[in-house]
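Quick one: this structure, given as structure tokens, is what I'll be asking you about.
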Amino acid sequence: MTVKKFKLCELVRDLEVEIQGDENCVIEGVTTLEDGKSGHLTFLNNPKYKKYLSDTTAAAVVLTRKEAEDCPVTAVICRDPYFTYAKMASYFLPELEREEGVHPSASVHSSAQVDKTASIAPQAVISKNACIGAHVVIGGGCFIGEGVVIGDHTVLHANVTLYHDVKIGKHVIISSGTVIGADGFGIAKHAGVWHKVPQLGTVIIEDDVEIGANCAIDRGAIGDTIIAKGVKLDNLIQVGHNVQIGAYTAIAGCVGIAGSATIGKNCLIGGGAGIAGHIEIGDDIMITGMTAVTKSLRNPGIYSSGVGGVVTNKEWQKTSARLHRLNSLTEKVKKLEQLIKEMIN
Amino acid sequence: MTVKKFKLCELVRDLEVEIQGDENCVIEGVTTLEDGKSGHLTFLNNPKYKKYLSDTTAAAVVLTRKEAEDCPVTAVICRDPYFTYAKMASYFLPELEREEGVHPSASVHSSAQVDKTASIAPQAVISKNACIGAHVVIGGGCFIGEGVVIGDHTVLHANVTLYHDVKIGKHVIISSGTVIGADGFGIAKHAGVWHKVPQLGTVIIEDDVEIGANCAIDRGAIGDTIIAKGVKLDNLIQVGHNVQIGAYTAIAGCVGIAGSATIGKNCLIGGGAGIAGHIEIGDDIMITGMTAVTKSLRNPGIYSSGVGGVVTNKEWQKTSARLHRLNSLTEKVKKLEQLIKEMIN
Amino acid sequence: MTVKKFKLCELVRDLEVEIQGDENCVIEGVTTLEDGKSGHLTFLNNPKYKKYLSDTTAAAVVLTRKEAEDCPVTAVICRDPYFTYAKMASYFLPELEREEGVHPSASVHSSAQVDKTASIAPQAVISKNACIGAHVVIGGGCFIGEGVVIGDHTVLHANVTLYHDVKIGKHVIISSGTVIGADGFGIAKHAGVWHKVPQLGTVIIEDDVEIGANCAIDRGAIGDTIIAKGVKLDNLIQVGHNVQIGAYTAIAGCVGIAGSATIGKNCLIGGGAGIAGHIEIGDDIMITGMTAVTKSLRNPGIYSSGVGGVVTNKEWQKTSARLHRLNSLTEKVKKLEQLIKEMIN
């Protein structure tokens, strides 16, 4: 990899920041406050890392005005350090090879429409009547099913699978291994045997959505599964048929969302949480990690399930045992109340 | 997509139903009771949706005789509405292109036997001595390992991976991204270092099984991992080595089943549940979502683990704290009992 | 498959064992104690299976000296039966076809360096400047990104995806469907909209690591995600950006590890566990299955979260209800204490 270098002032050209220190210092990459690689840029956002600020040896730190007085090196002062850092760091992204046009080893159906500015990598498959927009990148080994539509500037990394008729918006990013539009889990038991219920809807992914690796987003049974504008999904997430996820909601890894659940806008769902089917989660709701959401939640707020944090297994066994004796404790208290009542009267 | 249209009476030709209303009404797709698209078919199965029946504007509703009197439109009366709907809806499945024969971009080993009615899509790999039955569909980018046998009428969607010697029955459906026959998690620590334990069995998938997207079903260590006839698996499910799943069991998304667990027939396992290794779950057992099954369960019934549903994070913190003070509460009650005993005597 | 046959003494040639019985007996495969296939080898390691020893009809059993006296057939006596069995069983692994060189259907960039002893299977993609070591096996449909380096004797099964600049050590095994080096979940909200935070690090997988199927291991945001020497990961595991996993740690299926968590050496993490971001887990720590680790753990030991094992759903509902009435129980006890205090005074 070639090393990229920029003057600090070049990195902040379009950003609302104030520089305290040397705006001409040369930046050649990013670092953490703790590591503090010389010649590198870092930021302070999580207060947990504040303790490393005074000793940092990074070239420059992106932070708020309040923190700037403790900054021993050049400071990039702004209101929103994480966002500002993100914009500055993007200059250091590597330029990966993405040739326009269709790689000779890819398989493109004669009826598919591929914009001439799109890049179709080796071994990809583009099926009948698929429609690939301008500047789209289809990674190696991707499978694009019949009638799929992909909007401009969308990027599919290698080995993504889109089933027939899935609709992907503009500026969407889909990571490797993710499967969109497989049949939902629709089964009807009849005379002791499961029968498949046809899954006749599709999946609609709106603009600016990003989806992590190895997710599974099923097509609707009736009507569509919809991931609204700007939603961000981490890895290994299951989205059942006919789920709707509202705009700008972010969902961490390993979350499972059962069929026909509706999730509002601007929600945050922690890793490993499970959302039951056919329930509604309103806007601006935060679910902590590994919570089981078994009923609808309508008021904004933070929700959790289960009880107790992590403890030694020994303590855990004691607490579990005590919990299962709660009934007898309750009975004892009742008896005491009765006895005392009698004594008083 | 071309719109398909059928007369209602055509859709019920082989089904035991009674039509109340216009058997010649034209149906051009499916809808929900609530949406009630005109010209579309719907059904009533989950009582939760009964409230939408009286106002539906769908063309026809599949339901039981008891519900039929409240149906404002044409009613398809039957004993099992969800099953009947499933059969009727299947007329609306799109006809996807599946050409018989091997696509020129696929790679088929000279020793493999591929039935001439099978369809091998672009970029698929069929390895040495594999045997592909009649009317089988191998999706784009699938990898079929050495010596794999696939029964008639089985469908593998794009990017499925089958390791060597895996055996797949007839009329099986496997969704994209699923991996069958990878080595089980067999490791032996010796002198501080993990050594691989050879995984010498394979995986047997019996007839009529359906497996969702991005599942991982490991091959047996000694003997085989077996998924019996008619089992239905949702997405992102982990099945460890030497697991056995009994006929007609259905398992929802994100379930993990550790090695050598045995699950009976006709079980229902909720999403996100975890099954410990080397335990036995009998027939007709239902496990609720996100339950940790840590011991064998032999009697039919519904089982759960943990405590408490979803609450606000504030309440959750209070309950957790209280729980960890249960011990002192128990001590206090003991002391009170003692005191009162003394007072009485 | 051709049946392989060995004399027992051939299988133990380099191992420290003592044979009690017929060292020339012919072994043609492996079996369990319980099944006891004649002519097959088995072992006794888990005491749970001891009950099957006295009746086994296997040809030979690998076990400790203590157990040998109850062995009705030929005994292979050693200190570490599971390890010894693993070494002996490896003779029965099938010889799968792995031709040296690049399959004509694979797509290898002209700038990539592929050792002449490496095997590149059909439909694989090797991108610009990638470097593939000696005796490496790249399975069918794998995607190897720009600048990836893969050490000698490493095996990638079919349909693995490695993003640009990922570094893989020697003697590593990666199972199908696994994605290494996708962007971490770095997003910054600004004016109501999520912005992508560039993920500028990569993933380093050290020597002797084994990774199961359909895992997702994200590249670092700043600096790298590191999986140290000899780590063993099961299937469907999520490893967030900048996670570090110490040498010889083993992690069971469906575990989620959030970004910047650090896990020590020689840890054991049970299936379905979740590790919060930015926490530290020390060396020699065992986490039981489905535990939520929400804080750093520094002392060696066994840890768990939640309470209560699996019970009938009815019992579960009772316990949950009682738990939520803990507050009123606590209040009652306080009142009783007050009353008794008054009575005594």
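Chains: A, B and C, in written order; residue numbering restarts at 1 for each.
The definition used in the following text is that a contact is a pair of C-beta atoms (placed from the backbone, for glycine too) under 8 Å apart; a residue touches a chain by one contact, two chains touch by 3 or more.
Since the structure is predicted, the reported quantities are computational estimates derived from the model, not experimental observations.
Between chain B and chain C, the superposing rotation on Cα atoms measures out at 120°, rounded to the nearest 5. At the interface between chain A and chain C, two copies of one sequence, fewer than half of the residue numbers in use appear on both sides, so the contact is built from largely different positions.
Per-chain Cα centroids separate chain A from chain C by 24 Å.
In chain A, the residues touching two or more other chains are 105, 123, 141, 159, 177, 214, 236, 254, 306-309, 319, 323, 326, 329, 333, 336, 340, 343. Chain A makes touch with chain B in their complex at residues 105, 107, 123-125, 127-128, 141, 143, 145-147, 159, 161, 163-165, 177-179, 182-183, 185-190, 192-198, 200, 214-216, 218, 222-223, 236, 238, 240, 254, 256, 258, 274, 276, 278, 286, 288, 291-295, 297, 301-309, 318-319, 322-323, 325-326, 329, 332-333, 336, 339-340, 343. Residues 1, 29-32, 35, 42, 46, 48, 80, 82-83, 85-87, 89-90, 92-94, 96-97, 103, 105, 121-123, 139-141, 157-159, 173, 175-177, 208, 210, 212-214, 230, 232, 234-236, 248, 250, 252-254, 266, 271-272, 289-290, 306-314, 316, 319-320, 323-324, 326-327, 329-330, 333, 336-337, 340, 343-344 of chain B touch chain A in their complex.
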